[in-house]
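By letter and in written order, the chains are A, B, C and D; residue numbering begins at 1 in each of them.
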């Protein structure tokens, strides 16, 4: 078992005929993902290396039974495909697009939540479950290895770094999720922790946070009150100056809140093992799992 | 992107919100003339710079008719304003806003933000205006009233009314405040802002007037507000940061001497932290992003090589979408152009790593490749200290 | 309130929807000149009147270059058009729309309504345009596709796209249809319509063109669209109905001879039904509403007394907000002015009934007061038959 | 017991200082309704014959514990007070205002339903429960009498006529509800029938319909499938010509649907006693109740 996606997932790609859409749809399929279709208006009847293209998500769902969607569309129009996916009944929506205006994300997210669906991202590498050979995202599949550790992160390459350490230390992963680097994203640390809690395939969790917002503090509160598996945490951005946006739209310290120090304190108090040196995450987790 | 106070006030005034009479002035003499025209006993001179805390830093002067307004204006215009937010080098002040000073019955606070938790636009109002919202939140959380706006419904009159009647019992003043709240909200959503704020909004007699205003716009949404992009004041931004943004890079200047090139914001932040852990000091945050081209990498490298403070360069790349061979080509291109005057420590990993390594080796350039991230960071710190 | 076809097309064209080339003409000669300018082998002359079924009623003529266009136009302009919707007296036709005739590849249907059940704006589209939507719904329900619009979110591009690709596989045509759907929706919500419809929307080569269009606006929302109110063509409405509306009354002319005054639309409908049950024929539906003044009652009464067809007046009032004394004063006022030439049967009940009765008795007018509604209706029918 | 309102209901009036608001607030109180407050922005601290006025519904609810609101505000601005009432936690909202643009009602209704509240109207006489001495509306109270018959109607004076007949025939009412005469209204026949079904105080129901829409047909379907108490029905508008709006914005036959004949057939088939002659409703119900 895995959370969010698994080998039964029927995945489509919205924007499949674009350069990124095509490249990553095929990369996902190569990894093992059950890519059942793609959507590009006006291209119904075409195929992308054997993957059928539909005009609408509605048509794709009807013909393929899709329940997961990977979205690659320009930031200026990204709200519409998210709403289309929800309307067509897609359960898990992974939005890779970066640079979506946050008010658009907020609108789309309202509908996603109202309809009880899951949005991962935007501005995320996506989600991957190595034991299920299912990857819905843009992460390099080969660095992953099946195993018992869940990984949650707000960042892309930082996640790869940690996953690589885990794999090299012989520690595999159950599911790895990038929440996305924007100020407003779909799933939060707490949302994912709740899933990991009930996931028998996950024995421990790596939580990779960063400055900005209060998502890590909320995770700490949840870990303290409800979470029952070991958590190793790392928070990026201790050197960040207040008021400067550190690349990610979300990574900004404002008005003395959202600092790395606050997040580290909250997680430590919640019982998480907080690592100062990023390069030690793999080793520490290896030790914890014994 | 931030607007100047006068630009923010212009947006408000164009939508019917009262602001003090006054004008933006670029020369001390202009300030004298403006002050005379205002026919006000007392006027205020306010430095137009993208920073809070202007008052405490000497950027705001209240002057009376008898004072030497020209001298007072000259003491601000053309100088650099150093506040606790700007860093030691401060920000240039090209203009001041010269305004009448109004009698104040009460100072209110109004602000609009996007709440990350609820993913809803939230309007904050307080009868205790004049102090910063962070101070207010710490000292008088009970005096901040908020309403959360449904993303599709938008702000409804009853919500604005609900806030207004927490600030006043006077029907007319409440009506005025409703208009100001509505306008501040409309600017926020109309221009995809990250913050719109009036602090203080003052009650003066039977009027409410915006004494100060802030409008910050989300860079990601500027594409649909080109008219706002034209209001950007590039003198308020670091030159290197500006040129990096032009190349699609995300660059922030820091105070140290180790130049860093990383892909991904999270890994870039973590790299800075790692350098600090080894008692080094990074000269910058630089995220080349996921899809950087060879040229973008060369440009990023050039920015570091042109920075006189930089004593060593640390390259930390985990290739995903960005391939290590593309990275290597860009780095080599820049080093060949600028000459290899600095030690370069590279830790590369991920997609096409073997080609990347080979390219570095074949280049004949003095690039030290270290597989362990921890070791590499340590070495970069030592190299910078040795220089 | 209904718009004429040419007015509806103007709204569409102003928003970029293609309509046939043509012009509205008020004189036969104008039609001749317009037809010549169109340089089209065949042109169509369409009577501008607020009714469906114009074609079958002779209101639409397709004429060729060789035909006597002037005579054909003269046969429509200035005449009354009698369709199955207008009743025997028909509607005056002051103008015709003269348009080019286009080759048609496919006829589509597009319509926007407010669905009462879901309380949502619903867009209907069908590849089988040209026939009326009711016929289509009866004969080919599987060929009608709908999307329901969230009241706060509004129509999203994907919804319009979803419909468009049910009508065509051609990407460009679909793009054009998306624009038309979006425009039709925007007109619907922008002007508070009860219906916006294009039937047929035709595909002609690589274009889509609105051959016919309907825009009906909700009277209750006209207050916020004064520019639409100015498009009202009063010649298309009954004069008595118009004057009643001016007084705040709701009046509809029927074919019988018993004039009815009732308060409340439901009770008014029920009163007509009751008269019919006793084999009488009401001359009108007239609801004086809840808050009618003495003057409004007098006006309502006057409308009946001026109607030559009316042989008896039946007053059925259940006083709630409307008090029986106010009613009685209004009735007496009108009867005194016009003279009591007709039998008047009154059944009044409810608030201030005693004062109302007393006023009638004291007036000396020949008003028969009957406490039983059933009896009263029966008597009114008999009185009208006796006259 | 009664449905929707009862002697425990704490009722406020939005627009209480207007002419109609004042008149009917006092008339409701005279009937026995527990009028706890009113709302008019800017008039907090004033009283309407002893009833305290508040600036906002929020303040009124906080101070009085109100849970029912009676709305009298101009049609042009009626959406806002409905949303305000919902936001402040009011459970039953009775909107008397007539002439509200239907798209505004549709918007407000969406929120009402989303939040699980009840909207009666707009363009309604309101609701009255004679056994509870609670009237929230503009109907003349004195014609009512406590008893076992529930009355549901789309029309005002037509309801009074029927209630008057019932009372004169010695048959009292449990609760009488005007649904409102607009094309889009809050509660439907079915919504109210569901409440009457579970209401021990209601033994039989009078349903007064009219031309336009399909609400009566839906009621017929529900009656046939689920409703277990006698229903006497009357449908107004058999003489109405198609395409003409009969006073009520809702009363219009369009495209051959919404005719009285269709509704009468549906209700008869569902087992309701459909009365042709309005004046017989009271007598028939008296007979049914024996």
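Definition applied: contacts are C-beta pairs under 8 Å (C-beta built on N, C-alpha and C of every residue); 3 or more make two chains touch, one makes a residue touch a chain.
As the structure is a computational prediction, the values presented were derived from the model and not from experiment.
Novice: Based on mean C-alpha positions, I'd like to know which chain lies farthest from chain A.
Specialist: Following the centroid criterion, the farthest chain would be C.
Novice: Roughly how far is chain C from chain D, centre to centre by C-alpha average, rounded to an integer in Å?
Specialist: 28
Novice: In angstrom, rounded to a whole number, how far apart do the mean CA points of chain A and chain C lie?
Specialist: 56
Novice: Just give me the whole-number Å value for how far the CA centre of chain B lies from that of chain C.
Specialist: About 58 Å, centre to centre.
Novice: Which positions in chain B touch two or more other chains at once?
Specialist: Touching at least two other chains: 150, 152-153.
Novice: Two or more other chains in contact with one residue: find those residues in chain D.
Specialist: As it turns out, chain D has residues touching two or more other chains at 107.
Novice: Should the pattern of chain-chain touching be classed as line, ring, star, complete or other?
Specialist: Shape = other; not a path, cycle, star or full graph.
Novice: Write out all the pairs of touching chains, ordered by chain label.
Specialist: Listed by label, chains in contact pair as A-B, A-C, B-C, B-D, C-D.
Novice: In the complex, go through chain C and note every residue touching chain D.
Specialist: Result: residues 85, 87, 114, 116-117, 119-121, 132-134, 137, 150-152, 189, 192, 194, 218, 220-221, 223-224, 250, 252, 254, 262-270, 272-274, 276-277, 282, 285, 287, 290, 318-321, 349-351, 372-374, 377 of chain C touch chain D.
Novice: Enumerate the contact residues on chain D facing chain B in the complex.
Specialist: Listed in rising order, the residues are 41-45, 55-59, 77, 79-81, 83-84, 87, 107, 111.
Novice: What residues on chain B touch chain C, complex-wise?
Specialist: Residue list for chain B touching chain C: 150, 152-154.
Novice: Quick one: in the complex, what on chain C touches chain A?
Specialist: Against chain A, chain C makes touches at 153, 156-159, 161-162, 165, 169-171, 174-175.
Novice: Which residues of chain A touch chain B once you look at their complex with the stated criterion?
Specialist: 75-76, 99-103, 105-107, 109-110, 125, 138-140, 143, 153-161, 164, 181, 183-184, 208, 210-211, 213-215, 218, 234, 236-244, 246-251, 255-257, 260, 276-280
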